[in-house]
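Following are the structures in question.
Below, subunit A partners subunit B and then partners subunit C, in two separate complexes.
Let's look at the complex of A and B:
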């Protein structure tokens, strides 16, 4: 293999954004016909490096070699000419265009559209047959599911004759079944001689599909190893720079009395779409209930209702006392007073005010407590002292309460929110996507805190799209699909395959199911949600 | 209401709808590319003044038209600079252009011609004359079809026909050409265009330039086709009505024609209170009739007419994300 010319070789790439050194003297060789993983924490510089390769940024220093030739890539057009295609984490598709129009956009053959579209239609047919990338060329992007949309992105790259395909966090939005299908497509592409660069922070994906893996940490390339010769703990250590516990250690739960009872909870949104379809469940003290599901199946609405800022019908009881779901006391303040703490899914929009300082953020929602007030005025000194203490206990770095929230990394921002909510001794903790955009070191810490709260005899409702997280933290797992709870499972008695089927809305999980069936089900739900809207 | 009166009202409808239609299509190009433009009014006004002024001085309406288009495109360039290059707020830029045009036209007119902010009355070659289509006179006497052809279809100025032809042309460019595909894409998701290796900035400037050209035609028609000279604030809110029509038309060219004809019809009715009275049997206040197009504008802008989905990236300057 070493005598081959690398498909991509980067030599000494550096890139700084102001004072932040995003990439520091990075060199990497990607061999043709392989799947090369690049793994690293958020902010390690993976996406910057790939953006340089795709012509989105220009490197401050360094060389790019494609197929043994030194290549300048000043813009995306140059990258496309060099045979590089990119599938971004957030798809770059025009929602109200057809698949065909999206594929053709920017790669038309002449000033008139008709011949371009006809040619693309023929080529898509060939590509579909070659790589198992079946898709209706006339479907509108907004009518197809995310798995399909991702295939459109791959088709776009292949239509532009890409030999090197970069995928940035491709499985973040997919169900396990869709991810499996994606991996099969990628393996097929590799076997046809394409080179694939897979950027991810998920160790499992790296182990499952890559041939070689490079690890990035704080803008530097720390190692490149053959996947077969490494292990998840070793990669995690390379990523973080110290030993990391990948599995959460916890004792068996000791469930106590019922804390939260939910019955017939129904939510209809402003467009008239039913987001929660009369669901019911309960959580006991000292227990973590994990809600699994693909984003957008009602989990967010559930958190909002319980958090007090979305109206609903039905019954919710906390410690036996009903909570108001629509009246004057259906608000976040009343919920906090009742003993509900809430770490919202989207910390930037719901959890923090980014322009405000950390100490103000630590007090939000609790700023009217007597200990923070002196008569008519807020007791800022007390608030600051409290915030400093909490930030120290949660190891928020840097430990400066005066710094604006936006200046902390994702993991430390999340620690600020978690510290605010957990440290008030709530009876029920609602926590949504606790580790989204959070680095491995902080994930470990936040998971420990959640388990510690549960061991103190509190009830926890955990919503996450990361199946690994749900599996390792939950004492019971409920799966949501299309506003309904498809079923409850115990983590020890289920597996990803079964949960994946439930997440796709298929309840008879004992039967074998073809992928086509799963996809059809997802597409149906997508279409029906659209129609209702 | 007899047949001839109807023909007359429709004839007026077409003439009054033309500046709306041209401005509406101008806005369509701009907004489809993601640049909101409430400065249609100002650009029309600038063009109306420049066309009339230069036509008055040179005696040639075509030279005037070029000047008018040039003025409108210059203002469009300012809007582009503010909202594309400097990523400013598109609404504020548009408002600024409207104020600039409203003030400058009168000031310059006054210092140039000294007629109280007007241009001199235009006549002859300094105006757009009417064009009689072939055989108009010959078939006028055929019942029904004759008057429709001779009085309704024939006998308008050049810019009316240009405006009507712009509808299929706009449709074709937008939906049948590469440029149109890219233009629509840049208004929906500029990131998709950027990653495809096409210049977002270039496309948006092209759209804004087309917008300038069409508002130039619209303004020129006001002062040299519909009227015979420029008077202060002669656009009278037509730029805003065109925007309302654009929303009503859901950013589609053929719907835009329909919406502008509707507004034109309301304006035409306002000129003929006698017809209203004859039809309804009672008198309707002239003020109410005059207000009708504006009331409809408010109703449409307030969102009472169905759900119109504007281009998704409209109003947002494009910034590359990390």
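Let's look at the complex of A and C:
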């Protein structure tokens, strides 16, 4: 390292939430004009650390130094004064305000709005020219795409004279093309002397864009290395504390008979918006069909329809027998009886009941099975024994069936859901975002279980917004955009660029496409969805 | 990780809330120039000091157990049934019809019939709000409270009309036949030498209330229906995912809740008044809300809270009788208890949780967490 003054230096930061030590004696030096990645699993303490830096939490111990000066940051106003800007994972924008109004909001000069807006308009123009942050200042937030909204957040920070920009998992909601654009913006900012802290759990992003990377594990900073001198496996090992297989090992598929047939499936939601536009596909036994796409393009609705709790029109056949899509038997219970297991996308609101104990959750959805009931009463002893066995087989930690589900980490919660669904030996497994908010060690395990189920000759429908996951697990990939399937590809015969175009709704993937074209397409889709709503 | 051991949640918080309410009440009593210590002694004496006093305390407690359980069951499905008052009124109507128009050979059968009638009428009164909630999304809080007024009007209409005996000047039904007389504690526990519970209204329904506590506990934590009710109450999304029908859960839970509220009538109408009078419920339906909140919606907690409110009711009546503390102040004291134990729960909880966290931060072996029930 150089003997420059660090833009940010944290010294011995500790923070505990009750018995949980979220940050333990963390020291880090972020050099000016660099992109500094902070990587770690969920719950490693990244967000807590950044919240301390941005004034949301106060550290129990430790010092914050900004540009060589010791700085107290009791609240976010102080952080802004110190030149720190933050772009949150969930944008904090007023939907029906214009870009300009959102940028000015909270940073107005004086009581009159007009001069502030005029000044902001001039500054936005300069910023746009400087950093490739082109954006129409008069567009309403609700009319622009997610990638644009993120740029508004960055503009907000820059407008507030931020020299240090913190981005928390910025690519979670972006298509690959949008992510590339974001990275170009960040590099531009760095070259202009800004300092950027990028929080992520994606190794690829770290490798692609950062100069330096710090790894966190269980509240501690385990290493800070130059990105050029490290590798993904090494980072993964630092994150998890042991060697991890980043690539799923699997044998070629042996597809059997058709298990699931979907034809002309159409869903119109309560607002009258068509969420699925007559889609069709099939999955065979011993095959994983991956559905790629940016969140909100109909994947969730597809899972809900197949899981039995959303009404639809069309035809769905399981093992040749039609499933009811509306009516009395269109429910989760009937689906389970027919041999469909479902690991839902949202384990906090669907897959688990957080206040129930683990053992109650392991029976959830199957609680009416004869083996769990004795006459009028539930056989709690049998359920507990079953839960304990499943939790052991899936290595759920801690292995206490009596603990409430909310007290497990994300990965272990997901293991509880996956154990419950897979151990039923279903013909078809629906699995949505299997590793969202799940730590790397558990990802490896869950992926193995999915592949093992497929190798047993079961059909798997995998929905994920993580393109890496889709690419490595799927035997076939279907890409959804705006309620339609844009195309099917074999993983070996496609790449991220092509899938990214399909995800943006562009089907003639052989031709070169400009970024502007992709963005225009996404914005059109965004606007039309809103209009229908 | 749980923030506090369970005993603190179940016992310590209500106890501290209670003490705070008592301190504030003492200040109020002091302010009007009475001696709070003497007042407390009088309350204890008047509600717990003799079998007669106990007889009243337990009588009130019986009412509160039923209405408390009614609210508690609904809370497990995240339904706030504040229509216990109206459901209990209708329960009274059910009991009256069954006692007046069916010739019962023995009180045991009459009790059974009365309980069924009370539960059916109470449940029926809860059915319409339940259906509106399940099918139309009309909020059950609004509809149940509206139904309280409709119930009051309906009973008014019946008691000055169809149900009033010819020639009577009073808005009440005629006296129930002798065969429907439920044994009071006086009948049951007095020996030839000593009369216990003399003249007190507590009767065999108290035991029905205890059975109801056990039954509700078994329902909520041991049956499939209870599991589904709790699942729906905790997470509607998860319930839908699992194939649990929200319509079914809402309707069935409200029927059970209304039935329990209605069953209060076997105590106040069949057991005590032995006829149906106007305003027989006397606010017990609303007290049930406080009882359920204080009892953490657990049947055992409801039982304890119902006893406490029985004590406050009876003690308060004694206080009004023997001191210059006006009746209204008794209501203030009861309101303070409700305020502190129900509404201001977090005021005590937050600092206490903080305290436990600080205590635990000192390194100690991991305490086993106990199950959620």
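Quick note on the criterion: the second predicted complex is superposed on the first by the 532 of 533 C-alpha atoms of A that agree within 3 Å, B and C clash if a C-alpha of one lies under 4 Å from a C-alpha of the other, contacts with A are read in each partner's own complex, and residues count from 1 in each chain.
We take it that a residue touches a chain if its C-beta (ideal position, glycine included) is under 8 Å from a C-beta of that chain, and two chains touch if they have at least 3 such contacts.
Keep in mind the model is a prediction, meaning the values are calculated, not measured.
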Thinking of the overlay built on chain A, is A:403 touched by subunit B (first), by subunit C (second), by both, or by neither?
-> second
Which partner does A:20 contact after superposing on A: first (subunit B), second (subunit C), both, neither?
-> second
Have a look at where A:334 lands relative to subunit B and subunit C in the superposition and call it first, second, both or neither.
-> second
When the two structures are overlaid on chain A, which partner does A:212 contact: first (subunit B), second (subunit C), both, or neither?
-> neither
Should A:464 be classified as contacting the first partner (subunit B), the second (subunit C), both, or neither?
-> neither
When the two structures are overlaid on chain A, which partner does A:48 contact: first (subunit B), second (subunit C), both, or neither?
-> first
Thinking of the overlay built on chain A, is A:75 touched by subunit B (first), by subunit C (second), by both, or by neither?
-> first
Should A:106 be classified as contacting the first partner (subunit B), the second (subunit C), both, or neither?
-> first
Note which residues of subunit C are touching subunit A in the complex, please.
-> 1-3, 218, 222-224, 227-228, 230-231, 234-235, 237-238, 240-245, 357, 360-361, 369-372
Over in the complex, which subunit A residues touch subunit B? Could you list them?
-> 47-48, 51, 54-56, 75-80, 86, 88, 90, 92-97, 101-102, 104-108, 110-114, 116, 156
Contacts from subunit B onto subunit A in the complex sit at residues 175-182, 184-185, 188-189, 191-198, 312, 320-322
Which residues, counting only subunit A, touch subunit C once they are in their complex?
-> 16, 18-20, 307-309, 331-336, 342, 344, 346, 349-357, 360, 364-365, 367-368, 373, 376-378, 380, 400, 402-404, 407
